[in-house]
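There are structures below to look over.
Shared between the two complexes below is chain A, which has chain B as its partner in the first and chain C in the second.
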Partner chain A sequence: MDIVFVILLCVGYFVGNYLEKKHFQNIKKRERQTIHVPVVTFGAKQELPDANEAALFLGSVVVSADYFKMFASSLRNLVGGRVVVYESVLDRGRREAILRMKEQAISWGATQVVNVRLETSTIGNRTSGKGLVAIEVTAYGTGIR
Partner chain B sequence: MASRYPNQASSGHSNIIITTLEGVPGKEVVEHFGLVQGSTIRAKHVGRDIMAGFKNLIGGELKGYTELLQEARKEAVDRMIEQANFVGANAVVNVRFATSSVAQGAAELFAYGTAVKVR
Partner chain C sequence: MVYKPKEIPEDINVTSVHPLINFAYLLGTVAVVSTLIYVVLGAIATQLATRISPEMEAKIGQQLVSDLAKKDKKVDAKQQQYLDSLLADLQKSDSSSYTPLTIHIQKSPVSNAAILPGGHILITATLLAEAESENELAFVLAHELGHHVARDHLKGLGRSLVFLTVASMLGIGSGDANVVGMTGSLTNLHYSRQQESAADVYALNAIVRCYGHGNASLDFFNRIQTEQKDPRGKLSSYFSTHPLTQQRINDLHQIASQRGWKMEGDITNLPDKIFDEEPNSKSNQES
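Right, the complex of A and B next:
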């Protein structure tokens, strides 16, 4: 039983870390590719932007933490404080969601994405501390051209 | 650049304009019809849950869930558009999304906005 636990922990740590690093590299690459289109959170309470067309774009992603992170956060729960291991999970989720929205907008021909809103919600059971930790991050905004 | 993802906001077979702004750029709002909304409640199915359980070991994106929620959100938007069509609007402005979990493993996806006529 102990062996299984240690193996799961190791798999979670090494494979999870590797995949996360790769994902972050991928995100950085795509962020550089899409940097020419500004994404802004304002736009509703001011003059309408000068454009001919507008459309709604939405990007969403469901991310989860790996086994090691869940274990580390349950330890962290004992003493409280900053849960560093989860910060990267949400960071990569949020950036991925924004990128997906942006890539759709770019392929439509948007020059700007305005009034972007971000939302985070938990799916899965949060009442019992165990089980799936799945977080959905959504980004949506109006592309104009 | 071709996107790897189709438009996730709606199925796109309607000519209603949807924006998160308070109007439609390049057009003028001529009539307000009030609130329109669409919602759907979805539960995840067991097969996906088991796969997600495995995926949860190494972390990262749970594609099955992402697709499930995208599908559901599209339906919520489509229902909102249906309502807008019904009242005779040709645009929905100031659209917002909300998600809430109503029961164990079930989530409500909700979209709402203001139906208007633009010219």
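Right, the complex of A and C next:
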């Protein structure tokens, strides 16, 4: 029982950490590649910049925490405070979602993406506190060209 | 306005702390706090065990045996009466019991006896059926009485005593709780070696006071020594919660000789067939 728990914790920590590092490297690389196209939040009640065409772009990603993060956060639940281990999960989700939206817009030929919004929702069983702990992050905006 | 692309800064939304360090702090906090609670609860429980008022103890006992009371009705009145009078004899000329005691006969395949808070003595019908003389039955009763007088049953409850006390104070008793399951664990209370031998000495003292001698009172114990390999294996269950070694018998004999207690004398027999295996069957009721 205990040994299984320790194994799960180790797998969660090492594999989770490795995958997270790789993901962040990937995100940084793609962010540098797409940095020439501005992504802005204005456009909802302001006039849009002059453009010939506009289209909706949506990027969405589901990320999950690993066993180590889940355990650490359950400990955090006892005492309260900043859930540091989940911050990176959310950060990955947001940046990945924006990138997916942006990459689509770029391939369509957008010069900028305006009125960008971010939304999150949880996936999985929230009441029992067990099972899948995953969030979906959705980024959407208007691409113009 | 001209758009100037620039690198997205890191560490704005992610706290730059190593997850393991963060985890270690968390684990440390939780461990320290739980240890503190554990220690404090233990200290409170020890204080409670020695200072709890008889009324409060009775309340706790009531919670624990509220279900048992219903079961008692099925039990043979003769047996109950006999045990009550036996207990009364044992308590004679000894005022150290601080609450009135009640005996509950339980139908159970295991042979066991236990004392619960509030002066409730549980004794299983199997143990009664196994008894071969009044003396040895009296010793078992007196042994539990010894635990009661020394408040071992309260000490044995340990930290759960705090919760039981709080629950009974707030009136959120376990009215419908699975008392049978609970008593299962209650009868498995672990007493320390000292507590056991103190209860033994108390028991033998009470026996000697009552019968004038300690003969046959240790028969239960002696039999288990010889019958341990008995395939029935029934007797051994009482002693799984009341560990007994030859050492303990020897100690008792030694104390008896030190204090000048007689270990020889007439054995008092049990009333005829009172504790036969099927106390409710017709033939026994008639006899």
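By our rule, the second predicted complex is superposed on the first by the 145 of 145 C-alpha atoms of A that agree within 3 Å, B and C clash if a C-alpha of one lies under 4 Å from a C-alpha of the other, contacts with A are read in each partner's own complex, and residues count from 1 in each chain.
The criterion applied here is as follows: contacts are C-beta pairs under 8 Å (C-beta built on N, C-alpha and C of every residue); 3 or more make two chains touch, one makes a residue touch a chain.
Given the structure is predicted, the values throughout are model-derived calculations rather than measurements.
Undergrad: Clash or fit: chain B and chain C on chain A?
TA: Superposition result for chain B and chain C: fit.
Undergrad: Can A:Glu136 be said to touch chain B (first), chain C (second), both, or neither?
TA: first
Undergrad: Contacts for A:Val15 in the overlay, against chain B (first) and chain C (second): which applies, first, second, both or neither?
TA: first
Undergrad: With chain A at the apex, figure out the C-alpha centre angle toward chain B and chain C and round it to a multiple of 10 degrees.
TA: After superposition on chain A, the angle is 110 degrees.
Undergrad: Tell me the contact category for A:Pro38 with respect to chain B and chain C: first, second, both or neither.
TA: In the superposition, A:Pro38 contacts chain C only.
Undergrad: Looking at A:Ser107, would you say it contacts chain B, chain C, both, or neither? Reply first, second, both or neither.
TA: Only chain B is touched by A:Ser107; chain C is not.
Undergrad: Go through the superposed model and pick first if A:Leu118 touches only chain B, second if only chain C, both, or neither.
TA: In the superposition, A:Leu118 contacts neither chain B nor chain C.
Undergrad: May I ask you to name which of chain B and chain C touches more residues of chain A?
TA: For chain A, the partner with the higher number of touched residues is B.
Undergrad: Touching A:Leu90 in the superposition: chain B (first), chain C (second), both, neither?
TA: In the superposition, A:Leu90 touches chain C alone.
Undergrad: Now for A:Leu75: first (chain B), second (chain C), both, or neither, which partner does it touch?
TA: second
Undergrad: How many Å separate the nearest C-alpha atoms of chain B and chain C in the overlaid structures?
TA: 14 Å.
Undergrad: Overlap the chain B and chain C contact sets on chain A and report the shared residues.
TA: 69
Undergrad: For a test of understanding, state which residues of chain A touch chain B in their complex under the given definition.
TA: Interface residues on chain A, with respect to chain B: 8, 11-12, 15-16, 19-20, 23, 33, 43-45, 48-67, 69-70, 89, 93, 96, 100, 103-104, 106-108, 114-117, 119, 121-125, 132-134, 136, 138, 140-142, 144.
Undergrad: For the complex, give me every residue of chain A touching chain C.
TA: Residues 13, 17, 31-32, 35-36, 38, 68-69, 72, 75-76, 78-79, 82, 84-85, 87-88, 90-91, 94, 112.
Undergrad: Over in the complex, which chain C residues touch chain A? Could you list them?
TA: Within the complex, chain C contacts chain A at residues 3, 5-8, 13-15, 17, 19-20, 22-23, 26-27, 29-30, 33.
Undergrad: What does chain B use to touch chain A in their complex?
TA: Per the touch definition, chain B meets chain A at residues 1-10, 17-26, 44, 49, 52-53, 55-62, 65-66, 69-70, 73, 77, 94-101, 104-105, 107.
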